[in-house]
């Protein structure tokens, strides 16, 4: 992909409601994942690694933690004079400060920004899709097929989210049928909501849809236009996961204890950038016992840790035991406490001697800054 | 150019030849330390945390690697439009050019750089020490004393004092006398090589020192003694935290293991005095099912399947099944294969320790204690499977499989 | 002032309503002034020049143009890893996206940000006050007097704005009387709304006031506390102007044609930073006739210009005449058009041959992108 | 370090001695041009506008001033974490050190810098020319032709051709023959000194060239002819816009006045190809009541009370009452006092032209046309009131009041 040719758009609030526990105080984009990242780091790094130098982040609500995380965009080298990262807060019009209801309205509210950009193409991503995708390949496929729109899709069980499209294709790869998924467990080709098209086409589609008061991007823009526009699919073949619930968040996290899965998400040629915390490396005390775990910097481990993921600054005191759990940033596990199948949000404190236990298919969630 | 009250000049110096193979490809300030840092992170972070946002780094040896590490200064918040961090190498002038002759000459050659910021004070630092220090307190002391030069001072054990430049200090903090590494020390107050100068005065003495053909153009040997004999106001600023010169293999090894010693006062996790570094974008580290880790620190991107005791693993190191690492420092990207043993050793970056190879020896396994020392493996090397590296060895070339 | 000791807070929407013509589509902070600046450049540069490295910009509405102007904060060297510039959009609480009603509410909405800062002091400025003030002197005065709060004031005719306080002092400089100004033309000592105090005090005052549902910072926080707190005044003695209407905007602009007045606003030791446009220097064609005018880069002058201020990119065609006027960015004056006592907003176009004329005490305003 | 497809290396070169006093204190690429620019703004802006975000600037002469001007690269959007602009001076290596010997040697000494980015292509630029060029089109051409080296080529008037390195070009764009400043030119296709190399090939030839003791280590004289004789794919990329070498006083003066000539194709106000520069924070300029300005450009911060014809004023220049400036270039911060006359002249930065002094002469006022030339006043000087500076003079020292 040529510099300055593709504009990136990220929806930071995509499917917030699928993960109410973790998005109560933050956007989907700022949900922590994989020990040291926030979900937005993945689409943002994919874009930067593909040479995109201008990214608009559309926000709707709860975006203060997202702004804290993104700052001036330096960790992604997006603090620029020209181009760079632009946070697009919800201003629906002069003087007002409404909140976007849907994807079309969000794009319409950002149309001024989109129009001012001089890029030829636009690629849009959601934050609940975790992948390490070379968007350059998507771009090459788009140009090779001559499609008007290319949508990345995955084959498998569709996530349990509203408005997820499933596709059928003709022999040339063009989407000739699409419907909005309504549950079911059979394998399908489902949309990853990564859309690539000419910026001028997006502007036209959004203006039209907003003019007709259409609300649903999938049904009213994509599915309606399957005949009029040449819409192609691009099959994602690397690591790709779509978070649709706390359960899938938990199982996708636990999967990362497998080195093969990790290798798919953390490819040497596609580094994942995040805001640094400048904490010291993790410290394992005498008497600690840690195995099969993913541990970020700043952690202190004095007790036992097994089959778990520890985010930056987590502390496991002496005699404590952490199993099959995910401890978000700065979680404190007191001495001799036992936790199993638990997800603790940021700065949660489990008092000494406490015993918390969830189930692998129904983890126990401890909210942000909660002291138990 | 907006005026700065105080700027820092960091003498990143020469090659650091006492670190041998570790400084073959990098300048000494760029030597890795403490699992994720480089030595220069300490003075740079101290500067930023002390509110000093303009730092000139003077080096003529391997500036490229230092440049590469420091980049635009962003990790230390030193990517400024006005100020920030600048690498200063010697350059050609109309009337010819020369390499830096001594520490004072290095500053002399960069008078123009300093004048650009028209500072009232200049802080002179070296890139050889691990310590956390609030230079703003030293600057306040300098101002309070209306000093021309203030020297940071540390009390060292009397039996080590003769290794240092010492100062006899009066009650008011002023310096009565200097002794450079005396046989019979009369003081245990050592200079840390950290100076605050009033720029107007320093500038004058730099010109005097340069004009003096007999001078070796060194701060400690020439310039400061001259100021002293001229009766200028020289004061000592007491410092009592952790401070370690990491100029030798042994002291570098010690300083790393100090982090793991709870009795030693060096807290790298202090939120109010962070040490910043330019870290690679690596995922969290992974401890496998068979891993055993005791009193060690592990940086991001590592994979540990073996066992670790009293050791420091830098980013992206991998320790294979059954491998043992004890009392050792393993620098970024190194691979320790299955069943290998690394003990009392420093292994540099991107090295491969082959399966079942043994690097270093425990002091108790060496018959003559004088033969014992830390083993060192240079960067990018490959130690063949099953080979043995004795204590105190410095490996500079690949070692073939099975070499004993 | 010591680095990291003072946090800056700027209200970008202060007194928007005083200048409705220019704030219809922008904040007071993004109103253009003096040929190449926006009003926020003045408080922002004052802060940066005084060594402040962390600035929060409180926004309420219409802040897209402000965000465009500020970008990542690079022109003010405020694009930092630590510290830097923080835009504080109106989020009044979790999930909601309300709009601030008053200064107390705005501060209360930003209290999380203010509390997280580690600075000892806080200084607050409004954008309708144009000055080149060494805040270090204000800080020194504050420390020397041992006051709890120091407020900068000016002696003269108070601006015609709501809630402007006028003060009386005791012999030690402490404010012993204050009232909210209610019109009148006699000289008084009136507040410039530049407040300096300990951050902890501000936090306490704002929390208390918000808890009591108080709305007015001036009456309910400052004037109420004159007894309980030691509140001092700091007399601004350099160039200081408070914009209270389009008329004062016009006359303060015109004043800048006087070199003595300009020297007060543009002091060598206090440069005013702004976003660069990277346009070429102004070009004067053969046959042009320009005198007593302030002209920014990117202008092209083919016609006649007198007693006027031309912002970046303004174009005066051959035969045109511009007198006693202010042409904002990219204004185009067609051939043989005559304008006198006119303020044109950004990208206004005056067609060839048009004749527009306002009065010096009642300038004619042409809106943004209007074609006449 | 993320791989870059193409990085640029800018040969900022030596002192530019043909510019005399103008390059006494600054490297040639830092010479002011066009009211707000410096020469180096053109290649740097061309890079950024062409999507090249990594530029090495090679210089050994006065890097400090260049460093000062370029700073962290922010004005050109080149303050990047990965890539950006870097000043590369010669440095000390373990095996000794040396100044850059020739253009090819300068690149040779920075192979390590280039390798860090593992580029497929390297663009070589010089810092001596004013032109706007989309290097990405040249790069596409290089790829289309599967060339090893592509040289930007400009058709020059036949009568000037013998001053250039010329190329005989085949129909497919490949280069058949080189001629270095021939007396009898067989071509008017001149090399612009802008090269795209496939890095793998260039790297190989840099090593060959360095090993050849007979080589002067120059691209035009040694390395490219060697590639040509080895039968490597050399192609010429045609360019037809404005291009001017500003290596002499006369050409620098010409190139500045070209901006004011509507017949010349150099548009500095093109929104789609901006030329970025590091401008001071100055307010708009002010034209007083008595000012008269014709066909001139004026930068910010100036105050004009006198008259201006066909001239270029840089930032913060002041022209007093009754003073006249004609066909002249006045660099930043200079003060022209009341009644002074500056004509057919270049006045460098921060100079004072005293009241009623006359600098330069009109060509028609000089009896022998060979005696005419642009007058030049060096930076920081003071020309006394009422003194006279003749045409073609280069003033290097202050001139006392009334000197004629």
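Each chain carries a letter (A, B, C and D) given by its place in the written order, and its residues are counted from 1.
Assume contacts are C-beta pairs under 8 Å (C-beta built on N, C-alpha and C of every residue); 3 or more make two chains touch, one makes a residue touch a chain.
All of these numbers come straight from a predicted model, not from anything done at the bench.
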Compare the CA centroid of chain C with every other chain's and tell me the farthest one.
-> B
Between the pairs A-D and C-D, the one where more C-beta pairs touch = C-D
Distance from the CA centroid of chain B to that of chain C, rounded to the nearest Å?
-> 47
For chain A and chain C, what's the span in angstrom between their mean Cα positions?
-> 40
Considering chain C alone, which of its residues make contact with at least two other chains?
-> 74, 79-81, 271
Find every residue in chain D that makes contact with two or more other chains and list them.
-> 74-75, 79-81
Complex contact set, residues of chain B against chain D | 15, 24, 60-64, 67-68, 71-74, 79-81, 84, 86, 88-94, 97, 99, 110, 112-113, 116
Touching chain A in the complex: which residues of chain D?
-> 2, 48, 51, 53, 74-77, 79-82, 136
Mind listing the chain D positions that touch chain C in their complex?
-> 34-36, 74-75, 259, 268-269, 274-277, 279-300, 303, 308, 312-313
Which part of chain A faces chain D closely enough to touch in the complex?
-> 2-4, 49, 74, 77, 80-83, 271
In the complex, the residues of chain C that touch chain A are 24-25, 61-64, 67, 71-74, 79-81, 84-87, 89-91, 94-97, 99, 112
